[in-house]
Every structure is written in C-alpha cells, then in structure tokens.
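Chains: A, B, C and D, in written order; residue numbering restarts at 1 for each.
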Amino acid sequence: MRVTLPLEVRYAETDQMGVAHHAAYVVWMEAARVEFLKRVGSPYHELERSGVRLPVVELRVTYRAPASFGQVVQVSCEVQDVRSRAATFRYAVEAEGRRLAEGYTRHVCCDGQGRAIPLPEALRRLLEGASSADRSGPPGHQGELLYNRPSRPRTTGRGRW
Amino acid sequence: MRVTLPLEVRYAETDQMGVAHHAAYVVWMEAARVEFLKRVGSPYHELERSGVRLPVVELRVTYRAPASFGQVVQVSCEVQDVRSRAATFRYAVEAEGRRLAEGYTRHVCCDGQGRAIPLPEALRRLLEGASSADRSGPPGHQGELLYNRPSRPRTTGRGRW
Amino acid sequence: MRVTLPLEVRYAETDQMGVAHHAAYVVWMEAARVEFLKRVGSPYHELERSGVRLPVVELRVTYRAPASFGQVVQVSCEVQDVRSRAATFRYAVEAEGRRLAEGYTRHVCCDGQGRAIPLPEALRRLLEGASSADRSGPPGHQGELLYNRPSRPRTTGRGRW
Amino acid sequence: MRVTLPLEVRYAETDQMGVAHHAAYVVWMEAARVEFLKRVGSPYHELERSGVRLPVVELRVTYRAPASFGQVVQVSCEVQDVRSRAATFRYAVEAEGRRLAEGYTRHVCCDGQGRAIPLPEALRRLLEGASSADRSGPPGHQGELLYNRPSRPRTTGRGRW
C-alpha cells in the first residue's frame, strides 16, 4: 500500500537558492508518513496517546531536481520493512510525473521515556499488511500516483542536478 | 580540518516528543558547513555572489540520542570527499561528549541555472587541503572537539535509542 | 472576498508544549495569503517574476487557543486595506468553528532591490475589488467558512488561554 | 535589564526573496527571551519542569530592513510589563548598529493543562526587578548593545523598506 499526499510548496520553505530548502523534504516525508499511518488505521496521535513513540533513527534523502514555490509536490509513503522493534518507510517526491527526490526513514519503537520497546502488535500487523499488499515497484511510480490537485505549469528552465 | 559549531537547541526546534525535531539536525549540519566554508576561507555567500551554488543532492543522518531544549550541541563538519563537480561533508552532533547523531551531505556544484559545473579551482584546492589535513578518526571525536560554551547539566533520564 | 485554506497541523510544527508553535501560524497566514492572491488572479510567483515583491513590514497575531498535531485548521485571509504602495491582509485561524488566532500583515510593494514602488495597477484593482466585495464581519466568521476537509474529533481537555 | 543575543542568519532561514524570512524573527525573539530568562536566573526549561508554561498570546513585529544570510543580528530582549498572570517582553533586532526590526510578545502564565495561573512569585519578582532596573530608552539602543561577535561587512545595496 502506498499513500500519496499532495503538498503545495510554501514560500517559507524556499531559500535564497530560489527553490525549496532540502530540510523541507524531511518535513514533507513526515507529513506523508503521518497520512500513511492515518490511512492504515493507526493515526500517530493515537499511538502517542497510548504511550508509543516512533522517533527517526535514520534518515536518507536523495535529491534529483528542485521543487519551486507554489508547485504541488506528490509525496508518497510506503512501508519498506517491519521488524519487532523497528520499521522503515520509504518515500518519493514527484511533481508533474517527474521524480524530485526519494528517501527513507527508519524508526525505533519507544516508550515515553525513550526506551526501545516492541511495536504494538496491532501496529505491526497493520504495517506488515500494508507492506505485503504492494511489492510492485518503487514508491511514486508514475502510473500509480493519485494526483489530487493539478499543479501549476512550470516554465522555469531549471536543470536537473 | 574539522570545524565545530556550538548551537543551543531552540524551543522552536523541539516537537511534542519533547526533544529536538529530526529536521533541525539538517539545519544544524548546514550551519556547521557554512562555518566550515567560512573558516577555510571560502564563505558560502561569496561563492553564491560569484554564481556558484552547492545544492545538497544526498543527505544521510543517523540519530543516536535525543537533543533537548536549551542543551548546547557541538556540530562538527569536515570534508569527506572532493570530486571535480561534487563534494561530500560529514558531520557529528555531540553534547557533553556524547554522540547524538552523525551524517553526511553530498553536494553538486551548480551555476545559477542549476546546471552542474566543475568546482571553482580555488574552492577545490581549499577543500582538498582541508581534507588531507585531517585523516585521523571520525568527526566529533571527543578529544578534539572545541567546547566553546558550557552546556547545562542534563538531568533527564532519557534513554538511548 | 475571503479565502479559506485548510491546513493539517504538522508534527514538525509542534513544540514541546504539545501544541503548534506560535511561529507556525505566521507561515500558515502566509500560505493563506498566497492562496488568496492565486484566487483573485494574481499569483505571487507571477508577481515575483514580474519584479514585484510584497515583503511583510508589520505582523500581528493574537493567539486564543492552541492548535494540535493532526488537527485541521482553517486559515482565512482577506484584504483589510489597500494603499498606493502598501496593502494589509487580515487572517483568522479556526478549527471546528472555534477561533484559535487572528492577525494581520502589512506589506509594502518593492522592486527587486527592495525599494518601495507603487502597487502594480492591476494588482491594486484586484485587491480593491476583493476588499469592497466583503465588508461584513471579521474574517473566519463561522457561518462563512468553507470547511473543505473534516477535522478529527478533538478529545483533549486543553483550556482556553 | 536588557539581554542581547547575537545570532548568525542561517541559510535555511532565508527565502527566495534573498533575505531572512519574516517568521525567522519570531524564532529569534524567542531565543532572546530564553536567554533573558536564563540570565535573570529563571531558565525556561526549569519553569517548564516545575509545571509552568508561558505561551505567547500576542505577537507583534515591525520590520524595517532585511537581514541577510551570514549576517550576525543582535537580538535584544527586555521586560516591558509584568502583571499577576501575564508578562510582556519587547525586542529589537539590529545589525551593524542599524535597526532591522522590533516587536513584543505577551505571555499568559499557564499550568500544564493550559489554564491561566498566577506567575510564580519568584519569577514575578525577577521580572519586576529586571524591568525596573532599566527604563532608559528602547531596546537595542545602539550604545548599550553588547556586540559579542563582529558581523561581516555588508556590501549589498539593499534598500530600507
């Protein structure tokens, strides 16, 4: 299962290079992960209320092309791996069918004091179910993305990095 | 050569987990890289003025322990690799001699239109010089860090992830 | 004319008080202003491309109740005042029909060098038109808000400030 | 009493207008307030640990000139007003002796559930003492600022707004 969240690049997310700052993608990936957990039936705010935390212990992003202010980016999230105390999500950021970035985050399940604990049984099953349901290709594969909102035509001649 | 920048964790950088948000580290690493470039004699704002950009094309962070509001973290930066059109920096985030995180960023040298260009000769030499001058151990190695400011005693019992 | 933008509070926007950080509202207000300009037919990225800037010269926010992670806030924007070289927008942030915050921003029209210039004639007319079309009550007045997305039920007992 | 905190403008704090984004000032003012509370002997993290919160209920910023990446801004904070359940701080942001912005924040004292409570007696006295000790002129008055770090020469011809 793959969840795609459309996000419009905010002015505050740009930097003086004239494109979205690279740290913004980390926030977008988190927003897509939050949406993913909501859709599989285990909203993160409910996990937190039950005493569970999923802090990021590893983060990787590869940037392929810049995102511009006002552009709508499609941020997709899916489960890559589930362990007894950890889970890995992977992401793709696309716009107009073009890959802008991809990455993953690894999370360790913790209690309120920051001690590693096993993933709650229900969460682990939901993630495993969501994982096995979709094994066909990378996240953000163009044909499967749900473009909920049209993004504005891009006329700038920005190159590919 | 390794440059260490002390930064006090801002309240705005925390999240409701009660510690610094993982995206804040990406901003800290950038601040340490900016300090590094300044100290080797090639401030980034001067590079930009001369038409050169160093966008991040790859980012990786491993988080080992949380950083708390008010805590002073030591963010060190050094050159890991220099190529004709790219450079990689690596980082460590420490507090009170304890490793909180480490990571690297890879940058491709671009002109103002986002097209890859060779690193300016002067910059390449500065980075290579800074690179060869220090080959002894990982960044943030405790004994070499410059603790410019005392950090406040930490009494919270937060575990290690 | 009043434009309302629904935004889901991001985890990265919370702080360790457990609610959205007060600086996040400033970013939300900007996002609503960007949406407003788009809907009246003068998208900000087109204004910028034509050499016009609208930097904020004054900002005021009054916070009435906190916003929580995952909550959908409705951020409304409308024109409050249009002058030859300046414009003021006002905002309301609501959730579930409850006012969380309100504020305004004043902007001076500038060229690319930061010098004050008159508002472009077309923009001034659009803003004046949007201004005169709606004089009935404060922004975010409950009955007029467009709730595009349902927000999740809030069960926390957070008080009013 | 007035406390001045030097902060170097981060790249991530700029936007595509080429200067620090207006929301960054709100974060800087908070950092100066945190420094103020530390210096008067009541660090905010200790207040929080004792169950006290000081959420912002009102915020105002006036922007006079832009701040640029790499520039060191001096952010000063002082007490403007102390009430039984509220306090107001005022701020100035300067660089090279030039006023860039000023503003204030008003805070209501709350418990952990967000209910208004009286300021702790010790805090109220500290703030009143800090308030009465300095009544001579606006914050950031040039002659009184402590320039801890030299800021880089500014050569851009950016105008005043």
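Simple rule for what comes next: a residue touches a chain if its C-beta (ideal position, glycine included) is under 8 Å from a C-beta of that chain, and two chains touch if they have at least 3 such contacts.
All figures in this text were calculated on a predicted structure; none of them were measured in a lab.
Distances between chain centres, each the mean of the C-alpha atoms, put A farthest from chain D.
Simply put, of B-C and C-D, more C-beta pairs touch at C-D. Chain B and chain D have Cα centroids lying 26 Å from one another. Work out the mean CA point of chain B and of chain C, and you get 35 Å between them. We define each chain's centre as the mean of its Cα atoms; on that basis chain C and chain D are separated by 24 Å.
Within chain A, the positions touching two or more other chains are listed as 11-12, 16-17, 19, 23, 27, 30, 69. Contact residues on chain A toward chain C in their complex (touch as defined above): 8, 10-12, 27, 30-31, 34, 38, 43-45, 68-70, 152.
Note for the complex: chain A touches chain B at residues 16-17, 19, 22-23, 26-27, 30, 48, 53, 55-64, 66, 103, 108, 110, 113-116, 157-161. If you check the complex, the residues on chain C that touch chain B are 11-12, 14-19, 21, 23, 69.
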